[in-house]
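Next come two complexes built around chain A: one with chain B, the other with chain C.
Presenting the complex of A and B:
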């Protein structure tokens, strides 16, 4: 029975994958393939399948919220380490739910010009907290660069630290002949080697993505094979 | 998309498919045909899982903001495969591995692979649903990163595997792991996250290496063929970049000579 379900899942995945691929990829000028796509209304089918994906992804938000509440209520009930934070999280979640429902039901009155209370809450809490965390990222990065050299002085580490210093110095809004030269070197580094390296990594990822996509289309992926 | 781009895309897909199928069959017949270059992260992973089991502490795998249904769908499947390889090894321990994500669409996948990992070990009774966790994020993933930094301590995590889509906020998680002396394996599909992973993690994976988890840690020939296909196509891609470049440097002499050589035969 388990093998039959796995086989069925593989067949569904392959068929759905091929329909979506053909629907998105094949246009009107590819002769036989275009005629085939038109004859079987593959584009319409692909559109329907993509809409189904969007609906399914929407439903998973509900699953996420239930997961969040279940995990943290479990921590509160079990009095596990840090349970107070979990309690605050659960109460905040329920509070924001209540507030949003009250807004929609027009139980909370605000003037037409002022933003909704849930938006005020979002901007004063979430945005402020995330902004302060963004500032912390800088310190974590600089400390990370320092740690890279502490782990061992290698030519890779030295190159990394040297480039980091040049780019940081080049970004400073200071005047002077030496700093102007550093600025030029920094711009060249960003435009040529850094850009080339990033493109190389992205090309490698794109190549691997196509191969893994083909693996999925041939029914080899574990998600539905087992 | 014009018809030329469509035609070339179909050709690339067919080339990848043919290479993959041929290499799968070759590796199935001769497993030794696949020579893997050592990757520190994959070499260390079984040892780190073993240490976590001995210490009775969970392993944390995070997929970040990779999700199903968007640009990162295939990356998500690759990251989930890595999570499966970790979970399958850690399933014999008493602590359930923890998989975190800030994309709700990945949550069912995370539950699925945890169940499969325990099922394949015939230990399904040890599986706990709270092993897969969703932490919501705001406009950026900073709130998610902050949640992970506290989770490392609260859950007494033994090792971190961060594979998926992360931005510079990855620095916060890796810094917290370092302060707690926890080893980390990290990678990201975004260049910013990748740079942070390289500088701050103990065992970084670079670029497409995350897609090879099944080949390095699994047993099947089809997973090994992914690595071999990547190598073959990478070689082809390098040639496709180098030939026009060398031709331009020699003012068209390279392709003209090649053309003459082929014509002479």
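Presenting the complex of A and C:
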């Protein structure tokens, strides 16, 4: 039974993967391959498979959130360490649910010109907290930059700090001969070495993705069987 | 007080609670994080149900005209979700591998097509075009791209002593590539600091405007 399930898993991964690949990649100008894809309605099949994956991901998100609520409710009921935070978390989630259900059931009256209360809550509270967390990253980044060479001075650390300072100074909206030169160096850095390094990294990631994809589709990578 | 004003004051208080982390991990920061996670979970659930699951159910299971095949298709994602849920169970956990194989198979194909048509081909073509712009910068660009790729080349030859060593040319170009990677990461780090500074100044302006009655 164990081997049968493992074999079935490999067959499913390879078949659905190849159908999706053909459906997405093969255009109308590839002769026999295009005719084959059209004859077996591979594009429609690929669309259905993609939809199934999207809905399954939606279902798993829902399961994950239900699990999150169950774990935190367990902490509240058991009065375990940090139960106050769990209580606030559960109440916040239930508050959003309650507000949205009340809106949909038209229990909350709003004028046609004003936005729905759930959207007000999202824009004023959720976005505010997200922005504050993003702003907090600034302190971590500056502190990380400051501590970079505390453990030892290396050529990589020096180059990193030099580029960091040039790009930061180049972004300053100040006038002056020295600053104008730094601005030019910064623009050149962004246009040539930074662009080259970023392209190399992105190409490397893309190549690795292609190789991993091919390994999965040819059945060489079978991590889903573990 | 209108709902907008209540929301803005709540946003201000939560922002200050988040910024209290600068003084160290504390009760107020954790409280704000709990509110944030709770609200995010609520919104994600509502968007998932209203924009993903309900349209699917309406199109497949809840329509009177839908055929048996469409109804079976409508149930399929929920069966796959259930299989993923039982994956943690020791008895029937292996059945979850079938759902995982389905997701990985489609995901691998999508990732492959995306990497090929979205990154690999456009970047290779645009790098080739940029190399024609001027001799020195074009040369540096191509050198940077190739040496960065070679930096991640880990194949080597085992020496008689057991040590594995990469070829001299690979090591040489790999060192140049490392330099390009350091420059790229330094610039990205600076970009992240500038972005953080922009968001921080916007937050400060918001706090000052609320406190000042703006």
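The definition used in the following text is that the second predicted complex is superposed on the first by the 217 of 226 C-alpha atoms of A that agree within 3 Å, B and C clash if a C-alpha of one lies under 4 Å from a C-alpha of the other, contacts with A are read in each partner's own complex, and residues count from 1 in each chain.
Everything that follows uses one rule, which is that a contact is a pair of C-beta atoms (placed from the backbone, for glycine too) under 8 Å apart; a residue touches a chain by one contact, two chains touch by 3 or more.
Note that the structure is a prediction, hence the values are computed from the model and not measured.
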Task: Have a look at where A:216 lands relative to chain B and chain C in the superposition and call it first, second, both or neither.
output: both
- prompt: Does chain B (first) or chain C (second) touch A:30, or do both, or does neither?
  reply: first
- prompt: Which partner, chain B or chain C, is in contact with more residues of chain A?
  reply: C
- request: Considering only the touch criterion stated at the top, classify A:137 as touching first (chain B), second (chain C), both, or neither.
  value: both
Contacts of A:80 with chain B and chain C, given as first, second, both or neither: first
Message: Quick one: is A:71 in contact with chain B, with chain C, with both, or with neither? Answer first, second, both or neither.
response: first
Query: Which residues form the common part of the chain A surface touched by chain B and by chain C?
result: 21, 25, 53-54, 56-57, 60-61, 63, 68, 82, 85, 122, 126-127, 129-130, 133-134, 136-137, 141, 145, 160, 198, 200-205, 207, 209-210, 212-214, 216-217, 223, 226
Message: Can you tell me which positions in chain C touch chain A when the two form their complex?
response: 2-4, 7-8, 10-12, 14-15, 18-19, 21-22, 30-46, 48-49, 52-53, 56, 73, 76-78, 80-81, 84-85, 94-95, 97-117, 119-120, 123-124, 127, 130, 137, 140-149, 151-152, 177-197, 199-200, 202-203, 206
Message: Could you list, by residue number, the parts of chain A that touch chain C in their complex?
response: 2, 5-6, 8-10, 12-21, 24-25, 48-63, 65, 68-69, 82, 84-86, 88-97, 100, 114, 117-118, 120-139, 141-142, 145, 156, 159-164, 167-168, 171, 189-207, 209-210, 212-214, 216-217, 223-226
- request: Under the touch definition given earlier, write down the residues of chain A that touch chain B in their complex.
  value: 21, 25-27, 29-30, 33, 53-54, 56-57, 60-61, 63-64, 67-68, 70-71, 74, 80-82, 85, 122, 126-127, 129-130, 133-134, 136-137, 140-141, 143-145, 147-148, 160, 198, 200-205, 207-218, 220-223, 226
- prompt: Within the complex, which stretch of chain B touches chain A?
  reply: 1-3, 6-7, 9-10, 12-13, 16-17, 20-21, 67-69, 74-75, 77-78, 80-81, 84, 104-105, 107-109, 112-113, 116, 120, 129-130, 132-136, 138-140, 142-143, 145-146, 150, 153-156, 168-169, 171-172, 174-175, 178, 189, 191, 194, 196, 198-200, 206-208, 211-212, 214, 222, 226, 229-230, 233-234, 237
